[in-house]
Structure formats: C-alpha cells, structure tokens
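Common to both upcoming complexes is chain A, partnered first by chain B, then by chain C.
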Partner chain A sequence: MRADGTRVRSPVTTTILVTSIVFLFAPLAVVVLFSFNDGGSVTLPFRGFTLGWYREILSSTEFRSAVTNSAIVATVVALATLVLGTLAAYGITRARSRLRPFVAVLLFLPLTLPGLFLGLSLLVVFSGTEISLSLTTVAVAHLVYVLPYYLLISVAALQRLDPALEEVGADLGGNAWLVFRRVTLPQIWPILLSAALLAFLLSFDEFIITFFVIGPQSTLPLFIFSSLRRTVDPSINAISSSLLFVTIVVFAVSFALTVRSARSGRISVEPDVVGVDA
Partner chain B sequence: MADDQGERLALATTTAAAERGIGGRAGGRERGRGLALVAAVPAVLWMVAFFVVPLGVFAFYSLLTNAFYDVAFPLTTDAYVSAVTSPLNRTLAWNSASVGLTTGAITVAVGLPVAYWLRFVAGRSRVAVLFLITSSMFASYLVRIYAWRTILGSRGVVNSVLDRVGLIDEPLGFLLYSRFAVVLALVHIFLPYVVLVLYAAMAPLGRGLLEAGEDLGAGSSLLWRRVILPIMAAPAVSAFVFVFILSAADYVTPQFLGGRDGLTLGVQIQSNFITVGNWPLAAATSILMLLAFLLLFLLLNALLRFRRLHDLRIQT
Partner chain C sequence: MSTTPARVHLDGVTKRFADVTALEQVDLDVADGEFIALLGPSGCGKTTLLRIVAGFERPTAGRVVLGGDDVTTTPAHRRPVNMVFQRPTLFPHLDVAGNVAFGPRISRLHRDEIRRSVDEALALVRLDGYQHRRSHELSGGQMQRVALARAIVNRPQVLLLDEPLSALDLKIRLEMEVELRRLHREIGGTFIYVTHDQREALALSDRVVVFNEGRIEQVGTPNEVYREPRSPFVARFVGDANVLPVEVRNDGTVTIGEARVPVTASGTAGAAWLVLRPEVVRVEPVDGGDGVRGVVHDVSFRGTGHSYRIAVPGLAEPLKAEVPGVTDHHALGTDVSVRWDPAASRVLPRSGGD
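Coming up: the complex of A and B.
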C-alpha cells in the first residue's frame, strides 16, 4: 500500500511470481497425484484412484525402520540444536568481547561449505579414528549442518529485542541466567521453537552428508535414494508424498509460531517475518 | 528467593517498555556482557571438532600418497598433478562451472522480481505467499530430483502430453539426462532460498524511495536500473555465489538427471572416494574446487567495490 492507500501495481512481477509458484509446486503435485494412481508404471494417463501404494509401503518393514531412524536422528538433532544454538545465539548477540566476530564467522561458515566436502571430511576423520559409522555419526554431522541455519533465525530474533528490558533486569540485580529466563526467553520462545522445528526438518530430509557418514542403518532419504537407483516402482511416489506430507505439517506449525509471535508484536513484522537475514 | 527476585523483574520490565533508557550504566552489567561469549563455547567446540579439524585433516590427505581406500606417507603433490592434468577433470570442471553459473544467474534473475513483489506489491497476500515459497524450500531434495525425472523422462509427463496433443511423434530425448535437466532441478531447489535472501535484503528499500523516483517521473525500468538494482547488487551477488557453490558441487542431481554431458566434478569426487578408493585424488580435487569458489567470491567482491568507487567518482 502507498501512503494514499492505493496498491502498487506491477503486472510483470505479478506474472513472474505466479509462474514461479506454479513452477515450484507443479512437480510436487505430479508426484502426489501419481501416488494415488492405480497402475504399474509412472506414466500418463491416470488409471484411477488407489490407496494401494500407501498400503504397500506401510507394510514394508524397511520403510518403517527408515522412518523411525530419521525421526530419532532429527529429534536428537533438533533438541541439541535448540540448546547449543540458543546458547551460541545469546553469546553472539550479547557479548562485547573482541572475539565475537571470529566466533560468529566460525559458526556461520558451514553454510557456505557444500555437503559433499563436509561429508567426505567427516568420513575421513571417523574412519581414521576408527569410530564406526552409525546413526550417532549421522546426528553428529547433522548438528554441524543445521546449527548455522538455527543461528540465522535465533540471532536475528535476539537482535530485534528491545535491549532496555534486559538492562532493567540486570539493574534490578538479576544475574545473567535469571534475566535470560525471565526477560529474554518469554519474548522469543516461539521463534526458537519454530527454528528448532526447521532444524528437525533439515535433518529429517538430509541426504548429501548422510550418504557418507551413515552405517548399516537407513534413513528415509537413504531409502528413497536406493529406490531411485533401482527400477521405477510406483511405490516411490507414495514414499515421496509421505515425506512431503511430514514436511508440510511440521513446517506449517513452525510458520504459525513465527507469524503468531510477529502479530503479537514481540518481533517486528516486516519484512523478515521468516527470520532470514542476509 | 530467586523466584521472588524474578517476579520483581518481570513486573519492572513491563513498565520499562514505556520508559526506555531507564537503565543506568551498571558496572555489573558490563561484566556480565563480557562473559556472555562463554555461552557460545559448546557450539564453538562442536564446530572445531567436527568442522574445522575434519576439513584440515581432509586437506592434509590431499598431500598424501594413495593407498587404495587409505592414505600413506610420504607427502607428495601427485594428487594435485593428476587432478589438474586429467582431461576428464577439465571437462567436468567446465560442466560444474556452467551448471553453477546458469543456476545462479537464473535464480537471481527470477528471485529479484519475486522479492520485489513480496516487498511492494503483495499487500494482504504476503504471508500466504511467503508460506508457499518457504514451505517449498523445505520440500525434500531427493523427491524434487525424482519429480523432475518423472516429468522429463521419455515416457514422462511432458512427452506424453506433447505426444497426445500431436506435437511430437517421438519422445524428446534431450529433456532428461542432460545439463538442461540438472539446471532445471537445481533452479527448483535453490529459487526459494534466493527469494528469501533477496526479500530480507530489500528491507532498507523504503517505499518512499520508490515513490520519490516515480514523482520525479521515472518509469519502472529506470527505477529498477537506478534505484533497485544498485541497492540490491551486493545481496544479489551473495545469493549468486551461494547458489553457484552449492549447485556446482552437487553430486546427486547430476547422477540422476545429468546423463553424460550433465556430469559434474562433484560426481567425480564422490566416485573417486567411494568407488575408486583414491582418497588423495578426491581430496585434492575438492581443495582445488574450494579454492576456485574462494577466488570467485573474492573476484565478485572486488568488482562490487570497484563499482562503488566508480559511482562515487561520478557523483563528485
């Protein structure tokens, strides 16, 4: 809206936006549609509606154990990120030390390293120290990958808080922990929870690094990878759709938390409502 | 005792919002601030142990002798020599660069108008569109690769539709297993990131700035050229570099969608490590690739700085 109340009109950018949204969602819609298609091959035309593929994957023990493994790893990673990440975000935003910029750079650096190199480096170290690969090594690697994303959001949230509130708390004699728990945390917990849910999602879907550091077990992305390498079995559509479904549900909760906290005025609304600060 | 103190705190802080600046310069607070960095220690230790040290070890491996799924002394630069002299590596490096360049350029070119829309045109639909774009960012990476294979394959959605309409007699083979397919899937994967980064960067671009331009009679193309793009140059370059690096080093998308001419250096590094078992070669190729990324980053930054100096000179 402009000052006089009229909307800025921009047919060109509106067209690009609509095209982009269609481009982003059409391929996913195709996969979901095929997951209900009654037929032995993934080709048009559709042969009719079935839930058979979902029944098939649910009865597969491999699929179920892959889902369980992914859920376990992602939960552990999200909780560890919540603790380590919140502490680090607090340190980065509240410290006056000269070391602060170095710490910030170190913690954000993994964002710029392609997963291929992180995966190979960790594999080299694990095999060199004879640490056997397992879901634990996967969680260890995921924490490195997920932490910077969590920090992007939590650091931005902590920076937007009114510093006067914490200062008053300190002046009244509260120690750092008390001020954090009673003044800071009540203002930003929805954002932190929302970011931890995103950490869960990033870990749940991670493949590039996981491929190198996983042992004999499987996670859902690894399960999808191996079915992609085999022949075209239509159940892959049902597997993929289930993953998309989990993603959209968890993401919706995370997004609602952010928007709610923006509306309640805890965090400024515009324009970084999603917490991504460049 | 502590809780009592907490109640007092909570009470005091609610009134403090109205009376900003009430906090004096207490010495205790300053001391607390100095120690705040201690809170980051666990994360720092984690990153050192599982990021810095492993990368260092990996870099060191590039200088060791190949011992088939292992490394051995003596130190040598053999791996670098064979990485640089291999004609296959040169082709693949070129493929990687071209995939990264195209993906980065397309995502930024599309991301800018979308970010502009979100910032200035969106109105009430902003939150809904942000939800759509961000949720698509978290849609599974492998599922997207699979989706494009379904769509572009010889019996895929595009070919069967074209066939049905009667536009083609034979399936279009170039759609899948090509660099085109790889770039398409990577644009699909990275576009949401770029939109969000550019949208966040548009914050300082006030509506007043655009309106002032319009009031002075500037058309939309002039506004883009003289107001929006100069401000967005730096964030656009960072977004480009981010996408370039991550797509040039991707090893999964080319494996499934690339065919022969879409194969990249990332795939080669992965197979040198896992299938061939030549760890020093894989490490050396990785280090060279990282150095190339660093060079690109420094080059583009220097260019930005030069442009800024140039602008200043024109103004004075």
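Coming up: the complex of A and C.
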C-alpha cells in the first residue's frame, strides 16, 4: 500500500491473478457452453444453440432418479448435521468437562482422513455388521464426512458470540435451553443455516465415499461417472452443468445468509471474506 | 443495622482458581435496602464476589445466603438477583422493549402486565418512548439505562452492578451517578455496586467495603472509611493521602524533617504510619514557629484552590497539600512552613514488613 492508501499494481501479479482465474473457470465455462452446443461432439466448433441435451437428460429416468436420490440424501444429511452438529458445537464450546478437548479432536478428526480411507472403513463396518448397502448407508457415511466441516463453522460462530449475552439470559431467569433458544440461536441461526447448506452441497456432489457404500441405487456424481464410462456424449455437459447450477444456487443462498448476518450486527464467521464490517 | 435481618449474608466465602486465590474467607452482611460498594483495585476479587452472589461462580468454600435462603449451589437463573454488567450487553436481536421484557416473559406474566412493567421500568430509567429502538440506535449511556431497566423490571431482591459506569464518558458517568442514587431511593432495593473508582464508591453508597488481594480491608460508611482508614492501603486507595513512616515517642510526638510535631497516638510509642489528608495540610509563610519546614516543589491552580507538593528534608516523597482559596499562593521554590491539626491526622501501627 502507498501512503495515500492505493495499492501498487504490479503487472506481474495482475498477470498471475488473471491466469489463475482463467485456469480455474475456463473449463467450467467450456462445459456450460457446450451443454448448449447443437452438435454431436463435445469439442469445438460450436454449431449453434440448443436445449436438446437438457431435454434428453430430463427424459432419462436414470438421470431423474439419480438427481432425486442425491437430493434426498443431501437433504437428510443437511438436516441431521444441523441438529447433531449444533449440539456437538455447543458441547465443544460450552461444556465444562475435562474431556472436552479430546472430544473436540475426535469430532474434527475425519477432516484429516482421506475419502478413500473413510469409504473403505465404513464399508468394512457396514459389511461386518451385515447392514445392507443403500441410500441410508450413504447418508450415514456422508454425515461422518460433512460433520467436521459443519463444526468448523458453527464452533467459530459460537466462540465469537459474546459470552456475557448468555450470562445475562441466565441472570434474567432463563435456564440453559431457554437461553440457547432465545439468546444464542437468534444470534447465530443464519450462520448455522449457511453451514447446513454447505453440508448439503458436500453431500450432493460427494463421489468417493458414496462409491464404496452405495447399494443398487445411484446418485448424480455416480451417474455422471457411469455415463462417462459408456460414451462421451454431449449430454454429459448438460448433466455436469445441472450439478454446477445446483451448487451455485445453494452456495449463493448460503453466502447471502452470511452477509445478511454480518450486516444485521449479528456475529459473522468470515466478515473479511464477505467484505462487510461486522 | 443489627435490627433488620441481612438481605445478603456471606459466610467465609473463598474462591480459588487453579493456583490463584481470588477470595479468602470473606464475611459480609448487607442490610435490606442498603447501597453497598465493593471497592478495590483490579484483581482484588470484588468482581469475583459479585459473580458468586449472582451465581456465575461457585465458591470453593463458604456460604451465600439470600434473604434467609442458602443459595450457594443454586444456579444463576433461579436466584432472586439481577446483574448489570460492565459493558452494556443488550440482546442485539431484540429492541429496547424486547430486552426489558426478557425476564417478565420467562415468568410467564400476562402480556398486558408485561407491557405495563416494561413501560414502568423504562420510565424509571427515563427512557420512556424508546421502546422500539434497537441497541445500535442508542448511546452508551442509554444502553446501560436499558440494561438497568432490564434488571430492575424483575424486582430482584438484590441488584448487582459490576462497574456499570466504567465504559462511559466522564460527563455521562456523573449524570448516571445521580440517576443511580435517585433509582435507589425510588425503588428502595438492595444494591451491591462493584467499582475501582473510590470517588464513585464514596459518592454513591451507604457503606463501602474496601478489598485488597481477596480480603476485606475495611467496611464502613464513606465518611468512616475516608476519615478513619484502618490501614495504609485504605488510606492510599480511598482518597488521596500522605502516608509517612514515623517513630512515635512516648510523649506522643514524632519528628518530621527537622520539626517535632505532636500526633494523636494514645500513648502507643513505636513504629507507625502517619496518615495526612492533603486538605488538612496548611501551607504558611516561614515564621520561625514550630511548623515543618519545606520548599515548594510544585504548585498548580485547581480553581477552588492550589495543589502543592512540598519537599521536606528527610521525606522520600514530597508532602501533598490542597489549600483552598485563591489569594495566598506560594511560588515555586519558596521556603514554607507546613502545619496541621493533630486531630485531623491519623496514626496507624506499622510492623517491620510494611
């Protein structure tokens, strides 16, 4: 920064920035663009605009059931995470037990495990206990996988909350549950909801763990993978674009909740990223 | 005070955190309707004691009795006390009325009754008409008034105040002191007020409890604590004081500088502290009399008089003197004679370690 507050723009850093952005987003743009390409190939040249590929995948019952399965699993996982994760986060930040740090480490541990390992070990558990593989086992596996991410956000939110507010609530006669509902939750619900939406997304496009523990059904990422193994057909672009679209919409809602939370004077987990002064 | 039963009775309250002792065997009775100030430097344990009465901390040993009930193990939300915190901590998701109604809503009162008591409480803190403001639309002083209303609306047996004015500007603070005294008169409740500001403690309370390092140093009316400090710590902490190490002779005199001056020690000879409030020290021109001789080391105009620091040979620190009136003013470097009425000084025993 110069003395007058403007940043020094170096041509080198600008070039690196632009290159990185192009590298990150160009493939996405190509996939989306070619999902509208009126032609049988997945590469150039672009022959004209069509919604044909979308029509084709929507008429496929396999695609529709894969999307439905993914949506059901992700919704169940997000709701279960919201409840269990909030309880766990509350315990991690408020419990007076000496076991607290150990429990916290255990709950965050799956974050460090490779998906491959998680998938394999869960498969061993399920087959060892003779639980037949289904969407339920997928949901359980996803819960193990997304819970630490949810905890990262919700624990940070609870830690940022002024502890005096909860003391005031108790002082005015509220027991722990009432204080949680009427003092804590009103401050942090947008962040919890935003974190639950992130849990939805993580589950919605999870592939590796799902691959190990799924039964006869299919989810959207597995459907994409199996389509690729058959033929490379432009409809794959439409399928991928659909996945991207869901991701963007859910992420935008999640992001908007965080911004709103920061603007309304509530605590925010990432005010710097959002660019709003809390 | 002995005729009315104690509203708050603390019996041997001790609190240890890991290896630090915050409070050591504190015994204290607070009478019904009394405004009591817990005064001491930061870290002396006064806030810990308040939090123990509120129920946020549990004492390591000792008992807390409120209105005859032992509440030592009762959680905060079931105690008939309310607290006003140091920082104005309003619930940001609620407006002023919502904040004040928090307690009454828990008691499941009827809606009209809640509204009436909220309006009453806001009127008491002179914020009628602010019901629908949000906390970010209020000044610091107004927020603290809302916090007061939120506490008194529950008609607590005891109102606990943890340095409620320390986050405010001086001007607002002085206004709020007047408000607090008026509020105490109007609702007639029992107030326990924690502060490190001795001026505030003396101005507000019926009795002052001076704390030092987790122990009570002295309990008394502001006048007693100021005029008859029981220890050099209290003398120095409450008000300004010259605390001089002296040797009292059998005839009740001490030597200060080159002068031999009488003190009011009742025959107790030996090592002592002589406590002299600056306002009892008179500064006079040298007249060859029996005063303590010194040189004006510093002088500053205070509006109502002059503040002096008089260097006296043999004293480590210059003597502080507050002299009223604007006419007799001794210039810097002038030789002066310092006197005081022996009855206005105070002699405290001094052991070798002090």
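Basically, the second predicted complex is superposed on the first by the 252 of 278 C-alpha atoms of A that agree within 3 Å, B and C clash if a C-alpha of one lies under 4 Å from a C-alpha of the other, contacts with A are read in each partner's own complex, and residues count from 1 in each chain.
What we mean here is this: a contact is a pair of C-beta atoms (placed from the backbone, for glycine too) under 8 Å apart; a residue touches a chain by one contact, two chains touch by 3 or more.
All figures in this text were calculated on a predicted structure; none of them were measured in a lab.
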{"item": "Touching partner for A:A95 - first (chain B), second (chain C), both, neither", "value": "first"}
{"item": "Touched partner set for A:I131, first chain B, second chain C, both or neither", "value": "neither"}
{"item": "Partner chain in contact with A:L161 - chain B first, chain C second, else both or neither", "value": "neither"}
{"item": "Contacts of A:R182 with chain B and chain C, given as first, second, both or neither", "value": "both"}
{"item": "First, second, both or neither for A:G169, with chain B first and chain C second", "value": "both"}
{"item": "Between chain B and chain C, more extensive residue contact with chain A", "value": "B"}
{"item": "Touching partner for A:T13 - first (chain B), second (chain C), both, neither", "value": "first"}
{"item": "Shared contact residues on chain A - chain B and chain C", "value": "162, 164-165, 167-175, 178-179, 182-183"}
{"item": "Contact footprint of chain B on chain A as seen in their complex", "value": "1-3, 7-10, 12-14, 16-17, 20-21, 23-25, 27-28, 30-31, 34, 41-45, 83-85, 87-88, 90-92, 94-97, 99-100, 103, 106-107, 109-114, 116-118, 120-125, 128, 140-141, 143-144, 147, 162, 164-165, 167-176, 178-179, 181-183, 198, 201-202, 205, 207-208, 221, 224-225, 228, 236, 240, 243-244, 247-248, 251-252, 255, 259, 270-274, 276-278"}
{"item": "Chain C partner contacts - residues on chain A that touch it in the complex", "value": "162, 164-165, 167-175, 178-179, 182-183, 186-187, 265-266"}
{"item": "Residue ranges of chain B touching chain A (in the complex, touch as defined)", "value": "2, 5-6, 8-10, 12-13, 16-17, 20-24, 26, 28-30, 32-44, 46-48, 50-55, 57-58, 61, 110, 113-114, 116-121, 123, 127, 129-136, 138-151, 155-157, 160-161, 164, 188, 191-192, 195-203, 207, 210-211, 220, 235, 238-239, 242, 245-246, 249-252, 256, 266, 269-270, 273, 279, 282-283, 286, 290"}
{"item": "In the complex, chain C residues that touch chain A", "value": "54-56, 75-78, 81-83, 85, 87, 89, 91-94, 102-103, 106-107, 136, 150-151, 154"}
